[in-house]
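What follows is chain A paired twice: with chain B in the first complex and chain C in the second.
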Partner chain A sequence: MDRVPILKIGDVLLVSIQVDMSDQTALQLQDDLAERIVATGCHGVIIDITALDIVDSFVGRMLSTIASISKVLDAETVVVGMRPAVAITLVELGLSLNGIRTALNVERGMELIAAARYDEGGYGPDGDDADTETTAVP
Partner chain B sequence: MTAGVDLGTPQTQAIRSDEDVVRVRQLVRTVAVAVKLSLVDQTKLVTAASELARNTLVYGGGGAVEVVTVDNGRRRGVRIVFDDSGPGIADLDLALTDGYTTGGGLGLGLSGARRLVDEFDIRTGVGEGTTITVTKWSR
Partner chain C sequence: MVLSAEESGRLAGLLSGHADRVTARWTESVVASLRGRLSQAELRRQLQELHASMIAAAEGGLVDLDDDQGAELRALLAELSRGRARQGFSATETAVSVYALKDVLLGLLDTGDAHALRDFVAYSRLIDQMGLFTFESYVRTRESLIADQAEQLLELSTPVVKLWEGVVAVPLVGTLDSARAQVVMERLLQTLVDTGSPYAIIDITGVPAVDTQVAQHILKTVVAARLMGADCIISGIRPQIAQTIVALGIEFGDIATKASLADALRHVLRLTGVETARRNHRREA
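Let's look at the complex of A and B:
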């Protein structure tokens, strides 16, 4: 069985799916990611699906589940690089990818995760938390 | 791997494992490219095939798929037949409803696959297995 590698870049885990995953491979990735989040204490997960030529309901569910698991483990998940044809197909299939943040590429995904951490801390320049915005501390 | 698709000759693939579902996707993709479906239509067809092949495996207990190119005089297309000898589907209307599942999935496989293809035909009966035929035409 293929295993999808997980890279650590600073505070973020990066997964770039390069193979046509079997369902077992997808489930394995789900487990591996949960373990790596806990082991590394990373606060962000970026899943790059640039190389995926389809996302069916199984992979879609895997992405949603990974997002939920990482949330519980205090990490933000961003799915990046979805192809236009994949997006069109997903919508027609009826998959809404609930709870999943998306970005066009890895770079923007990184920015999204950084911004999310700021928001949570409540001291970021872009924070929408009105209560803490005026009481910024370095 | 398939090197050069012989148009008109049906290609078959057994569906007995996870890896076979991956092979079905690859086979359908190769044929869809050969009949020059657009990228979006290729993607839709391969996605539908993936859903249906998984159903054949999970609910039908395995089976086989046959992929053939078709020509109606004006357009070419890809026809895929999924066949299993599983328990069959008792309530077809219910099975085709978005969100209905007996297997713990999202319940989008059958209903979603139907939306992604141009023609969808299903023959099933309790204890008689299930045969699903889908066709996607080039635009």
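Let's look at the complex of A and C:
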């Protein structure tokens, strides 16, 4: 069975989907990801779907579920690299990925997560700096 | 079958027997209708080719233009009408080049002879067929010209320009139908991916009218861009268009709309500018 690898980069978990998703693969990914978020204490999840030619309602629902699970575990989810053809198909089908943040590429996705963490004033990779700053500024 | 094998043979005899007279008179009657837009020498050369090809076909026992014997003649006629269509001659002017042969043939025949007249009717049928074929080729050439131009127009009219680092703009000019909207959407989304720009400005200054369909196309583009992680701003909304949009009850929701491209750019810069200002502030502190 195919297994989707999960990479850790700093405070972010990167999931790059390269294979066609089946029920089994999707469930496995949800399990693995939840486990990794808890184990690493990361606060961001980036799902890269550059390689996906087709995003149907099944994959859409899987993305929504992953986003919800991550949210419960206090991690922000960003879907990156959606192809133009995929976006057009989703719009034509009337499927909107509710509650999912999107970015053009992985780089922008990481910026987005960093900005979100900063807005929350949370503990990012440079969270300690933010703390000292808040105390220093009157 | 428009003429019998014997009639075909007699036609070949008639055409080759008076070859010089036929081409000379033919050229004479056609050149008047073209009003000097084609040189007489050029026309004579074309008609001589046609004449020779007709003789060859008639000697081969041509009974119908669609036959195998007519293949060369058809190719020649198609070539002639393609040339005429490209040079901007009208359909009538093109067809006259063929129909003029009727008068020439009538002049050669002894009109008092009943057999000769019956032959002439048969020849006429063949010439009518040739004329119709010419017209068909003419129309086909024109249609392919129009199709080519429409495609070029589609290519030309939808540029995506980079306005600023991370900001692209699409100045829409002309009526937005489904085909064009599709091209615009695809090109914009592709540019967003290629340049990695998180902001796009859709400028509709050049769109003469916005109805529900056009609005639908624009909205779809914006939603697709959002799905990919880019933000769209609609600019260049003229006063009348704004009134139409409200009258039609079109809702742009939370999509930013600006009166001019300059306003839209300022809006985007402020969005990105705020972020940088914050970071700078943070670093300095």
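The definition used in the following text is that the second predicted complex is superposed on the first by the 121 of 138 C-alpha atoms of A that agree within 3 Å, B and C clash if a C-alpha of one lies under 4 Å from a C-alpha of the other, contacts with A are read in each partner's own complex, and residues count from 1 in each chain.
Convention: contacts are C-beta pairs under 8 Å (C-beta built on N, C-alpha and C of every residue); 3 or more make two chains touch, one makes a residue touch a chain.
In this text the structure is predicted, and so the values were computed from the model without any measurement.
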item: Superposition on chain A - do chain B and chain C clash or fit; value: fit
item: Chain B versus chain C as contact partner of A:56, first or second or both or neither; value: first
item: Partner chain(s) touched by A:108 [first = chain B, second = chain C, both, neither]; value: second
item: Partner chain(s) touched by A:97 [first = chain B, second = chain C, both, neither]; value: second
item: Chain B versus chain C as contact partner of A:88, first or second or both or neither; value: both
item: Distance of closest approach, chain C and chain B, by C-alpha atoms in Å; value: 9
item: Those residues of chain A which chain B touches in one complex and chain C touches in the other; value: 83-85, 88, 92
item: List of chain B residues in touch with chain A within their complex; value: 18-19, 21-22, 25-26, 29, 39-40, 42-44, 46-47, 50-51, 54, 98, 105-106, 108-109, 111-113, 115-116
item: Residue numbers on chain C that touch chain A, as the complex places them; value: 185-186, 189-190, 192-193, 196-198, 220, 223-230, 275, 282, 285
item: Touch list for chain A against partner chain B, complex; value: 20-25, 53-58, 60-61, 83-86, 88-89, 92-95
item: Footprint of chain C on chain A - complex, ascending; value: 78-80, 82-85, 87-88, 90-92, 96-97, 101-105, 107-109, 112, 115, 133, 136-137
